[in-house]
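The following pair of complexes shares a single chain, subunit A, combined with subunit B in the former and subunit C in the latter.
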Partner chain A sequence: MSAALLVADIAVPPAAKRAPSLETAGMTKIFGPLVALDTVSIKVEAGSFHALLGENGAGKSTLVKCIMGFYAADRGSVLLDGKEVDVKSPRDARDLGIGMVYQHFTLVPCLTAAENLVISRADAPAIIDWKAEMPKLEAFMARMPFQVPLDRQVSTLSAGEKQKLEILKLLYLDQRFLILDEPTSVLTPGEADEVLGLLGQMAARGEITVLMISHKFREVKAFCDSFTVLRRGRLTGSGDARTATVAEMSSMMIGDTEVRERAERVMHNDRSAVLELAGLCAEDEEGRLAIDRVNLKIRSGEIVGIAGVSGNGQSALVEALAGQRPLSDGRVFIHGKPFEPKRSDFDRFKVYGLPEEPLKNATVPRMSVAENMAFRAFDKPPMASLGWWLSPGPMRRKAEGLIARYRVKTTSPDSPIEALSGGNVQRAVLARELSGEVDVLIVANPCFGLDFASVAEIRSQIMEQRNRGAAVLLVSEDLDEILELSDRVAVMSGGTISYVSPIGETDRNTIGQHMAGH
Partner chain B sequence: MTAVVSPPAARPISLGPRTMRALEALVIPLGALIASALLFSVFLILLGKSPATFFSLIWTGGFGSSFSIQNTLQRSAPLILTGLAFAIPARIGLTLIGAEGALVLGGFTAAAVAIPLVTGGIAPVVTLPLMALSAMAVGAVWIGLAGWLRHYRGVNETISSLLLSYIAVAIMNFFVEGLLRDPASANKPSTMPIGDAYRVGSMPGTSVHWGLAAGLVLAVALWILMTRTTFGFAARMTGGNVRAAKAQGLPVGFLVVACCAIAGACAGLAGFYEVAAVHGQANASLVAGYGFTGILVAFLARQNPLAVVPVAIMFGALAASGGLIQRRMGMPDATVLVLQGIIFVVLLVSETFYGRIPFLQARTTGDRT
Partner chain C sequence: MTGADLFIVLIAMVGGAIRVSTPFMFVALGECLTEKSGRINLGHEGNLVLGAMVAYAGSYTTGSPWLGVLMAGCAGLVLGALHGWICKLPKVNDIAVGIAFMSFGTGLAFFFGKPYIQPSAPRLEAIPLGDWTGNSSIAQALQVNPLFFVGIALSVFLWWAFRNMRWGLILRMTGDSAASAKAMGVSVDMVRLLATAAGGFLAGVGGAFLSLYYPGSWNEGLSSGQGLMAVALVIFARWDPVRCVFAALLFGAAGAIGPSLQSIGISQGYYFFNAAPYILTLFIMIASARSKSAAREAPGELSIVK
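Presenting the complex of A and B:
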């Protein structure tokens, strides 16, 4: 707060009221032996909606952080409206009217939307005169293309509303160059389309310029005017987003890396039910029913995709099956035998899982890659003798094999897994969970936040397990993923499964209607 | 961020991530110690005392003669055990500060168990192991209770273990001042002395009691347990990320309670040696702060059971030199407590430096967006 007050003393030139253009010239950033950015020059025209594409680790975040003043670039400069500007810190960026929306929310959850807006101001007074502020805020909100209720506490807002508020905050601070870091990863498809559409219209009216980091070609095609692609720290292409094809953009992103062919869908004759959920109920932290009598049967060689709007019990269902949340009622059967989510049953029934947010649910961030890869096997031979004595040798050799086979990018098997990028963490987990024989696979949002190549690879791995005869439960908030992979689709709404249909007998609209609770 | 430009040969010598982490765990606590010494010197200068004299007296008092070395080791024995009592639960993610209570209760239990056995004339070779085992068992139950409350009822283990310590001291006082009071202990209520025949002796050629050996053995054994066994691996998984541990089907509740019980047994054993080797009876002298200094020891040792040993010896030396400082410098022997306090605060601050000192970080080519 004191820093913010300090800025207020300096006479800040009012940011341009029109959308600015922004260029980087020969931006270079070196971390030790790594060239994270290699003379990258991009140009974002005033009033354009520009997409910044690239795989994980391509240098998108580094570029944006250099523009925002989080990093000092080793070489290169930023030009705002054609004039070179010196951005030493995020504060300088803010004074120049460059604002950023991060992947994760930066709002204060216990304050209201109005309070969040006012305290974000550089000149926020020590004592806020709400009588004077509220009409101003309401007038501001009325001018905006989308609104958020000002008096609601932020923690009660939906993800979409929070994201809108993050953007409104930048507009409130009169920042006309917006950088959005994967803004739609927390939104439902409907919310994403709405927010991006409105931003696109504002850009088209010349009110703002938007630079959006994205992985989603659909959004880029639908909303962006132009795009730039980075790969391994270098600029590999740019162009008009409306005329370029997805194939062109993806080849710029992936380069000559071979993307695994998607595994063919093999039809099975053996159709015995493997996993059976019978009347599962579980409570959330407040004691309300998070899942309410979930019944579902999954056969061998079948992927059942569970679609649903976030927060309708999907996470609770996965947690209950993984043993992270106790069941308050109901049973799980595998091959007709009762299953409890404990280690011996995971092994006996060959149950494996790819939980969402692997760094949070499937790994111990501070333990090494090798140790993380040993979670399934550390207490069994050859890693353990006599049932309790650990052998580091086999553990390391196993990890080295898996790292090579699953192309996990890491300095060494001894590096803490938290040092890896998201895609590589997921690959490490995948290697651990899928390298053996799998009968039941429970997957939740496996491709969340991952780059194009990783997504294709992970999906084909899941398909491969299905083809080998595993019963796969796939919970995903990405409807495209469900439509691509599932043999049957189920929709979760209000904690229970409200709709089940074979993939061939349903379509996006029908599923969407059931997701919305109809 | 990718693209390695310089050919591998041109790279500076880069140590592996393991070595770098070990180096970091050595450099930061050492830095904290040096910073504490400097701060304490300022304190001494303000008092008009010479820091050089003070630190040389610490050396003399702690390691200057064979007497002072033995005095130091004598004092470090319980610190090793209470240090372990903090370090082991810390590995599973718990901050348990109740070793003081487990030590007191363990010591009291040993003295209480001894009464019928000694009066019954049972041989020391039977009596002493029974005393030790019951001290460990009571300590294990006491700290295990804090772990149980934590896992099954969600009670904050730091608060509960601290409060349990006060209860433990009160329980001892209740019996020592009442039912089990030795009528001969007029000024200082105590249990009946176990008698010289039942004392744990000194290690051959020294005046240091066997508690030191027990501490060393346990430090090595627990280091092996935590780093080389499936139990330790599972405990580290649980400590690092309990959600992941549950998703792997680990018996999290058992692991938590077991680690706490091990901790309590260590502290209880320290109590046993305090009774059987030092005081010969249970009384208020058991409440000597070893349990709390153990927290400091474990912190400085980065919760590594092996590192607990040298750190405990260092604090033993600090305590041993208290008397000398009092005599030579005319300062109260609580002065060393001021130093201990400064070390603790600086140490807590130094925790924030992990992962932030550039030259102590391993290079990562695993890319991060």
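Presenting the complex of A and C:
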């Protein structure tokens, strides 16, 4: 009897409800003096895979947050299947079948995948009968295009599995309009292709409609059938993603600004190794090996880019080199001499760095811009006498010089550095780190979340240091950045370097396969 | 020490562990419930003392000790709810509020408790589980208060509910990731308020045990920091209600070393043995601070973990 019921349960056609279409009409959102969205009207056809393109700050997130009911739009309306709907909260959106996958995870780490799915249901029973729920969940999982182990705690899942589970959760809740906010940033190229491809097939069968925020043209070209571009809160174009060219889309995105060129690269003759990592091991917070016997040599005048899906030890490697994470084994040599990540050694060997999230890792947010820019030299003349008596005058003058040279936008050298925008914090730290002579430069995700102009500037600064003969270790989750800047590529996977190749002898596919651990 | 003496000491320790552990168990379960929701209530010492006072007064006025227990729970519930309500105001730190409530609860108990120090109130009856043995020391050790079994049943229920009931999952969700809970339309503040109030109720019941069973009278020196040690105990038990019971038994046994040695006439180092639970607390704190798996199991929203 129960088996028969079960079969009936599975036999319910998954596409009983059809994919909806969604339109916004004249959507406008104003935050104080900033018009974040200016009468934006987009149309996403039922069963389409629609890309929403735009630079950072173009208003993509604001638009989807208005659709989801996080923000109340100042003007404009949302039409679902042609009928105007009133979405006041994410709950309303859920009831209408509109679901969103955020850039940060909304799964509860301490619950298992199954618990996360069941509790997300509006009608979760007061007492959960796992004996009855598990077969239903397994049946659901079986008809889904990709699977995630149900009984594992979410905190033990990989980033890719979490992302898949986020999407599965929406499908489990029978949400037919999916909004994905840069869903592939934590996936390997292979996983990204798998997930997007399968969602694309579901859309093509008319089961779901997908609106994906993205800035990766490759994915948009490969999987989307239509697109909309926003720039500075306005709609600047839309069309068929299969026929539009990348150049057309990118000119809609960045407008009249020139697309940046590859930074000038000076060819060096083969030079000696400057930075040598010998068998580095370090543990994560839970005592597992975060990096496992990392060996790498970087020559002077060379950029080695470390590619990898986030969470494969790149952050731990940078932290270990910066002295934020103790090494459990291995040595670092610079010019053949042992290096300890201490202030005196950073000085002696001229090691500089731009860590990821510089506001957190390289500044004291509430101290002034001038003080933050003086971290490298505040205890040396002319900023200090006798090593302890600090003089604010020279400190300020030095900061003023750096602010002008690196075009850091700040109201004054005395304002707290946390008041600066992300790009300007990045520039301020870079100004501090590059103002002296650099032998070794360690950079992690230097352009994360920056606009086109800043990206070009920061990349050219890094290239300039290379051209002057510094050994540069570049850790980046952006494969394009690595392909643009590096002389050699190394791939990190599972805490160790699994692949090294000169840039000319490899391609995106090969790197992607090694990123996935093959 | 002869074999017989050792036997007496061990039996006395078992009995002592059962007696001493009960208040630990209730406070720890209350604290566990509160911390699972992502908030710490350090004020349980206040709940415990106020509970002891209210239980004693209630039992004295109504003549029913069980009514006293209920009233103690309600007093704890009010304190807990107040803590939960204050903590949901913006920029309020739950640890600071907890310390304030520790003093508040104790002060309140001392203020209203003065008239009840002298009179004698009806106590809770124990269940004699060891009478059939005919051995007086065993019979005495196995005089077990029903609240002990209530506590064990409660811990098993909580353990089960955290996995199998909707509110259990929502509580864990709130404690581990407030953002996800909010995204799901759960009122984080309300969940925490309810959890803190329920936790306060349990701590109040723990206090009732102190004044109505063991030591079994109301005076101002009744509690000796059990409410605070229970917080350490929850960390030691890694936020698992069933492990809370075992941890409480361990603490209880440590507390019973001194009295049981005294029962066979060894009074040397009496004060040292009486300090055993405190020393144990210290070592447990050090050990659990180093433990990586404790860090993994801690609810992610706790202010001490963040």
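Just so it is clear, the second predicted complex is superposed on the first by the 350 of 518 C-alpha atoms of A that agree within 3 Å, B and C clash if a C-alpha of one lies under 4 Å from a C-alpha of the other, contacts with A are read in each partner's own complex, and residues count from 1 in each chain.
Here, contacts are C-beta pairs under 8 Å (C-beta built on N, C-alpha and C of every residue); 3 or more make two chains touch, one makes a residue touch a chain.
Just so you know, these numbers come straight off a predicted model, no measurement behind them.
Pick one for A:Ala273: touches subunit B only (first), subunit C only (second), both, or neither.
In the superposed model, A:Ala273 contacts neither subunit B nor subunit C.
Considering only the touch criterion stated at the top, classify A:Gly323 as touching first (subunit B), second (subunit C), both, or neither.
Touch partner of A:Gly323: subunit B, not subunit C.
Check whether A:Lys60 is in contact with subunit B, with subunit C, with both or with neither, and answer first, second, both or neither.
After superposing on A, A:Lys60 lies in contact with subunit B but is clear of subunit C.
So which one touches more of the residues on subunit A, subunit B or subunit C?
It is B that touches the greater number of subunit A residues.
Touching A:Met134, do we find subunit B (first), subunit C (second), both, or neither?
Neither: A:Met134 stays clear of subunit B and subunit C.
Touching A:Met144, do we find subunit B (first), subunit C (second), both, or neither?
Touch partners of A:Met144: none, neither subunit B nor subunit C.
Touch test for A:Ala159: subunit B only (first), subunit C only (second), both, or neither?
Neither: A:Ala159 stays clear of subunit B and subunit C.
Tell me which partner A:Leu390 touches in the superposition: subunit B (first), subunit C (second), both or neither.
The answer is first: A:Leu390 touches subunit B but not subunit C.
Quick check on my understanding: which residues of subunit A belong to both its subunit B contact set and its subunit C contact set?
Overlap of subunit B and subunit C footprints on subunit A: empty.
In their shared complex, at which residues does subunit C touch subunit A?
Touch residues, subunit C against subunit A: 163-167, 169-170, 172-173, 175-177, 179-181, 183-185, 292-293, 295-297, 299-300.
For the complex, give me every residue of subunit A touching subunit B.
Touching subunit B: residues 29, 31-38, 56-62, 232-234, 322-324, 341-346, 353, 355, 360-368, 371, 374-376, 378-379, 384, 387-390, 408-412, 414-416, 419-422, 424 of subunit A.
What does subunit A use to touch subunit C in their complex?
Those in contact with subunit C are residues 89-91, 94, 102, 104-111, 115, 118-120, 124-128, 130, 155, 285-287.
Can you name the residues of subunit B that touch subunit A in the complex?
1-6, 11, 16-18, 21, 227-234, 236-237, 240-241, 243-251, 362-369
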